[in-house]
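A short worksheet on the structure shown next.
Which chain is which? They are A, B, C and D, in the order written, and residues in each are numbered from 1.
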Amino acid sequence: MIDTQTLLDLFTDTRNHTETLCKPLEIEDYVVQPAMDVSPPKWHLGHTTWFFEEFILKHHKPNYKLFHEDFAYVFNSYYETLGERVVRSNRGNLSRPGVAKVYDYRHYVTNEIKELLATEISAEIEELIQIGIHHEKQHQELLMTDIKYILGNNPLLPKYSNDFKEHTPQTETQEWLSFTEGVYEIGHNKDTFCYDNELGRHKTYIQDFEISNKLVTNGAFIEFIEAGGYQDFNYWHADGWEWVKEENHAHPMYWHKVNGDWHHYTLQGLKPIDPKAPLCHVSYYEAFAYAQWKGHRLPTEFEWEVAQQRLNWGKRWEWTESAYLPYPGYTKAPGAIGEYNGKFMVNQKVLRGGSVVTPPNHTRPTYRNFFQANLRWQYTGIRLVK
Amino acid sequence: MIDTQTLLDLFTDTRNHTETLCKPLEIEDYVVQPAMDVSPPKWHLGHTTWFFEEFILKHHKPNYKLFHEDFAYVFNSYYETLGERVVRSNRGNLSRPGVAKVYDYRHYVTNEIKELLATEISAEIEELIQIGIHHEKQHQELLMTDIKYILGNNPLLPKYSNDFKEHTPQTETQEWLSFTEGVYEIGHNKDTFCYDNELGRHKTYIQDFEISNKLVTNGAFIEFIEAGGYQDFNYWHADGWEWVKEENHAHPMYWHKVNGDWHHYTLQGLKPIDPKAPLCHVSYYEAFAYAQWKGHRLPTEFEWEVAQQRLNWGKRWEWTESAYLPYPGYTKAPGAIGEYNGKFMVNQKVLRGGSVVTPPNHTRPTYRNFFQANLRWQYTGIRLVK
Amino acid sequence: MIDTQTLLDLFTDTRNHTETLCKPLEIEDYVVQPAMDVSPPKWHLGHTTWFFEEFILKHHKPNYKLFHEDFAYVFNSYYETLGERVVRSNRGNLSRPGVAKVYDYRHYVTNEIKELLATEISAEIEELIQIGIHHEKQHQELLMTDIKYILGNNPLLPKYSNDFKEHTPQTETQEWLSFTEGVYEIGHNKDTFCYDNELGRHKTYIQDFEISNKLVTNGAFIEFIEAGGYQDFNYWHADGWEWVKEENHAHPMYWHKVNGDWHHYTLQGLKPIDPKAPLCHVSYYEAFAYAQWKGHRLPTEFEWEVAQQRLNWGKRWEWTESAYLPYPGYTKAPGAIGEYNGKFMVNQKVLRGGSVVTPPNHTRPTYRNFFQANLRWQYTGIRLVK
Amino acid sequence: MIDTQTLLDLFTDTRNHTETLCKPLEIEDYVVQPAMDVSPPKWHLGHTTWFFEEFILKHHKPNYKLFHEDFAYVFNSYYETLGERVVRSNRGNLSRPGVAKVYDYRHYVTNEIKELLATEISAEIEELIQIGIHHEKQHQELLMTDIKYILGNNPLLPKYSNDFKEHTPQTETQEWLSFTEGVYEIGHNKDTFCYDNELGRHKTYIQDFEISNKLVTNGAFIEFIEAGGYQDFNYWHADGWEWVKEENHAHPMYWHKVNGDWHHYTLQGLKPIDPKAPLCHVSYYEAFAYAQWKGHRLPTEFEWEVAQQRLNWGKRWEWTESAYLPYPGYTKAPGAIGEYNGKFMVNQKVLRGGSVVTPPNHTRPTYRNFFQANLRWQYTGIRLVK
């Protein structure tokens, strides 16, 4: 068990950090939703707050008074247990509550939680607060990727900040790291915080494999583009090929050809692409096609977990070949908390690692991120296996 | 011809009035687009400004410097002649340019036009400025209906202002005004400003008709609802019935039943419906169905124009039975200005009159407003003929 | 009133003619529905039969026994009055009832009507039988256009028949026929059979106009294509331009370029286009755009009716500029028969004339055909006015 | 290697069997496509024939003359390697080639292959013929499920045959069969024919599990329905719940409530449901939700393969929890044959077993069937694990 002061500090830091991330924004940037999977920043601010109100304050703080009756409706994301909500595609249509009001809401709830933490709290509340903190950290990452999408899809291509560096060249020499066939243990052993989908540490049998010490670089991917990779169905899944053709994909997200040279939108504005930096913003379909073209493949999430100690990871989420499925013995928690992970365990792929916008201490070797195969507004990259 | 001082005053007043209308808004309200036909207020502010820049300053003010290279792309509405533009459904996805920047753009262009007006100007420029002013007035009306939509579809139902009264009871006794069969003249005779779609004053033959001195009231329409009007296909066009069923319509836009009583969202917030006030926010389909149920019909736009001198009109746009078609001898002006009206002359219905948000002096007996048969976010009402 | 023997002959001929039209078909051709607006031939066979059963036999023939309980569900087209029905887009999904069964149904109902006609019948029944006959004639035309669509959109481009000639060169010299401004009478005077939408003969005021004695030819339209007419938005309505771009239109329906020369699918198979024959299978949008490009316009339906005596018409439906609207004093008949015309009087354009597949005696100077502006699987052509 | 006579017999039997399955059909039944995933029977007849023509005769029979130039376009399913094809959703729009012509095509190709088999053939050709036979067997199953869909979605609910019995009560007592944790071998060892997706026999680690000896019965599933299973989101994946709500699902496919009792459409017509017979025609979403409600889960495909020797399987395809992914070391065959399986290895679930319409000898313990999670027109059922 964590001591209360540590928990309070963690809580306070997390709440502050979310607001720090929003500092460079103009009011207008908080409001829009240029794609279904992107949420307005003010929605993230409100939703992470509502989470503490709904799961903790409402039930565990005596005489707690809701900040506003209708905010549960506005800021619930997908919890069916907790009643009706604004449909996801509608989040960008709401000008109210305004940004100032949402900050009021944040400060109100932050203070209420602090007051609660000044009292004797049960193990259950402590765990809920921990979940709330991790939930907010998860949204910090989404907040950053959504901000990037909002600015990067604006025709004026405004910068987020001059200081935020997303791309660093990889200097390592390419090597294949070998692993030997056998039974390995996979999953979290619950000694520290983790999500329920990591639990159930269990044996799995892995065949011999070799994994690249480096991520695929922009330069390597440009070779794929120039070899006609986006025009040859042979490298693609049937679904991936349909995605390419229907949406006319021919390069990673945020890439623009300017006067014959590849550039990409970054949080520092439009920049020339560094061929030595790791590739970013590709879908699983693109990751798979690239691997096919190269004659290699993507790792399974188990291979990745076995290999991770020898990898320099954490700057890009890495697509794996694994589908997002329950580990042996997995059971959903009862109630709304149980909606957190389990109900998404179909039609998604696992990503391992972390990214430049993942909050500190918010990832670990057993962490299982997951997205649909076509998505790429996250910082997603490719590592090969043979 | 209008004298320069009058034109300058008209210009200044119009520019100011647009900004006055936006005074009650929060920054966030300027940004969103909750429906395809609704534009964000900041888009209206920018678009009306761009109109002066594009059609006048760029071509007629020596050494004019564009405020921003990319604004033509952002603020063009539908002028194919003038190059690419942000697709309409995408307007609400743009957080930038921010509201402050858009106001800078307005003031820059306003000043430039004022400077131009301080010089000797040609009749052509004068006419273009007049068109620009009327164009902005037209957008003032859309601005208000779009603001109403933005606030009235927000789950918090925020007020626009305590002072803006939209609904007044009609105190007249119901009468049928008779008109006799014969040849009448229709259209504008060009003695003052008008749009090209009103021109070509021409003879038309009209049969005997009687027109109601009053608009249909909320109370009368509630009878239609309570008689099952929305459930009986007999009163509806085939297209109208499909619209009812696919979108589950059962009352006018902005109506809510609260504890058994009809209320509606108004710019002053949610209010009980006044049964004596004229009905508002119905589609042509609803207008037609109501008339069918009542055993009457809607006027043609020619009947309306003939009758208008004896009517007390101007508080609601009145659906007519007429399709929006060219008058005899109509020809589109060449170039972009020619895209103003003519290209919409198919699949739309004519509305006559004006509304509580129509700017002063922006309507006249020959004015032809037009919308698709399913739209109702304008202040649209019903007048019957028999 | 028509005498019974004449009515019987008319009925018998009409029923036989429908079946004659289907002679060249293979069983498989009766079943498919390659587009929403196209119905399977067996559906036409069944629907025209159901019309006699539903409106006449069921109510007016003592002890009439339905051929099959479920056929009303299968063969109702759009009559809301008459209960549920197979949704329109679903007609091509029904393999049963099979073609042989549908013919059994036809013969059963044909005989029952004949039996009824052998008795004393009321004026009401006589009128219903006349409507049934005209209804079937109308479907004969749709049957032919649907057959053409079914075969002409099959990759094998099978012929319907070697004998069916659709296209004849126009040998007349181009002339402009002049008409003088004034009051004209429009509409049917009810001395013979007509539809309710033609009734209400009434005065209308028409301005001077000149109308072409000839229809626009294929050769003239090829000039429009070659002049880039499909690539220049200036000639198109906004809706028309969207139609062109979304569906990539660049020529009339059924046209194919084979080795550099324009061909078109005809009921006799693929043939080179005759530049002197009248253009066919264009939408209203194309008709309008062509007229704009040419600097002329389309006639109103009133101009057409006034001019028709001096025109050689009847081989192509001619798009008019008029929207399909009720004539003065129009009222829908009560009940299902009232659903025949009135409920379509919105969002459609009027066509006048007739076509090579219009059954003999099924058109007249006052006949008002109507379709949406984008449709072109009918034999639709263009006549200009200036 | 198989001897030539055996191969000839297998080929002949398979070709005949396909045609035998179609015997009860009327011509019209061969043509329609009432859902995207359903193909018209004549398309199956032609496609399985085209497979032999395209992959074998065209390349390996000297002087082979194509039956018809355009049939490759009409009967290619999804092979990108082999050029353009009729889009899948368009198959039901083709009345031609007619059924008789398709049978001519079949007989022509059948004879040509027989002629080829009368000569000395290479191992490559032999393997291709084997693949062609297995391909046709696979389509025999789809043919039957598509016929069921075509007839079972017709409002007249016609029978396929009086003799085809789909449903037999399960008489076994419910037992849980136990398996012990450890390393097991999975996959085909290539001693006989199999598909490439079964290859790569490999070790896998399996935890202790108990699997039901019986499939879930109709009666058990009715309990789930009556307990409100389709109304409670808690049992469903997020995607599954959306599927339920958007398409209003409340029971398995083909089920109808008649006078208060559950019936289902079977190939013998509409029948009361036998509560003791195994449940059929459920999606993976329903299978998962049922297991959740019951407090159990679905087996992985590995558990199933380990357990299968002790199971009485083969009458229903059994949904597994496993996503359809490549086995270790899997590589796609080059060329069109390589499009057979590999390109579908994303967004699909594995099913194991076989069904009443699986041709004899067309399944085996290692056979991996796969479908999207929402599909249920196959004979799909549920087996539980705990």
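By our rule, a residue touches a chain if its C-beta (ideal position, glycine included) is under 8 Å from a C-beta of that chain, and two chains touch if they have at least 3 such contacts.
The structure displayed is predicted, hence computed values, not measured ones.
Asker: Could you work out which chain's C-alpha centre is the most distant one from the centre of chain C?
Answerer: For chain C, the chain whose C-alpha mean is farthest off is A.
Asker: List the centre-to-centre spacing of chain B and chain D in whole Å, with centres computed as mean CA coordinates.
Answerer: Whole-Å distance between the two chain centres: 58.
Asker: When the centre of a chain is set as the mean of its C-alpha atoms, what distance in Å lies between chain C and chain D?
Answerer: Distance between chain centres, rounded to whole Å: 45 Å.
Asker: Cα centroid separation between chain B and chain C, in whole Å?
Answerer: Each chain's C-alpha centroid was found; their separation is 37 Å.
Asker: Specify the contact topology among the chains shown, as one of line, ring, star, complete or other.
Answerer: ring
Asker: If two chains touch, include that pair; go through all of them.
Answerer: Touching chain pairs, listed by label, are A-B, A-D, B-C, C-D.
Asker: Can you list the residues on chain C that touch chain D in the complex?
Answerer: Touch residues, chain C against chain D: 26-34, 42, 70, 73-74, 86, 90, 92-99, 150-151, 153-156, 158.
Asker: Mind listing the chain A positions that touch chain D in their complex?
Answerer: Touching chain D: residues 78, 80-81, 181, 183, 202-205, 207, 233-234, 236-241, 284-285, 288, 297, 321-323, 325-326, 328-329, 332, 338, 343-347, 349, 373 of chain A.
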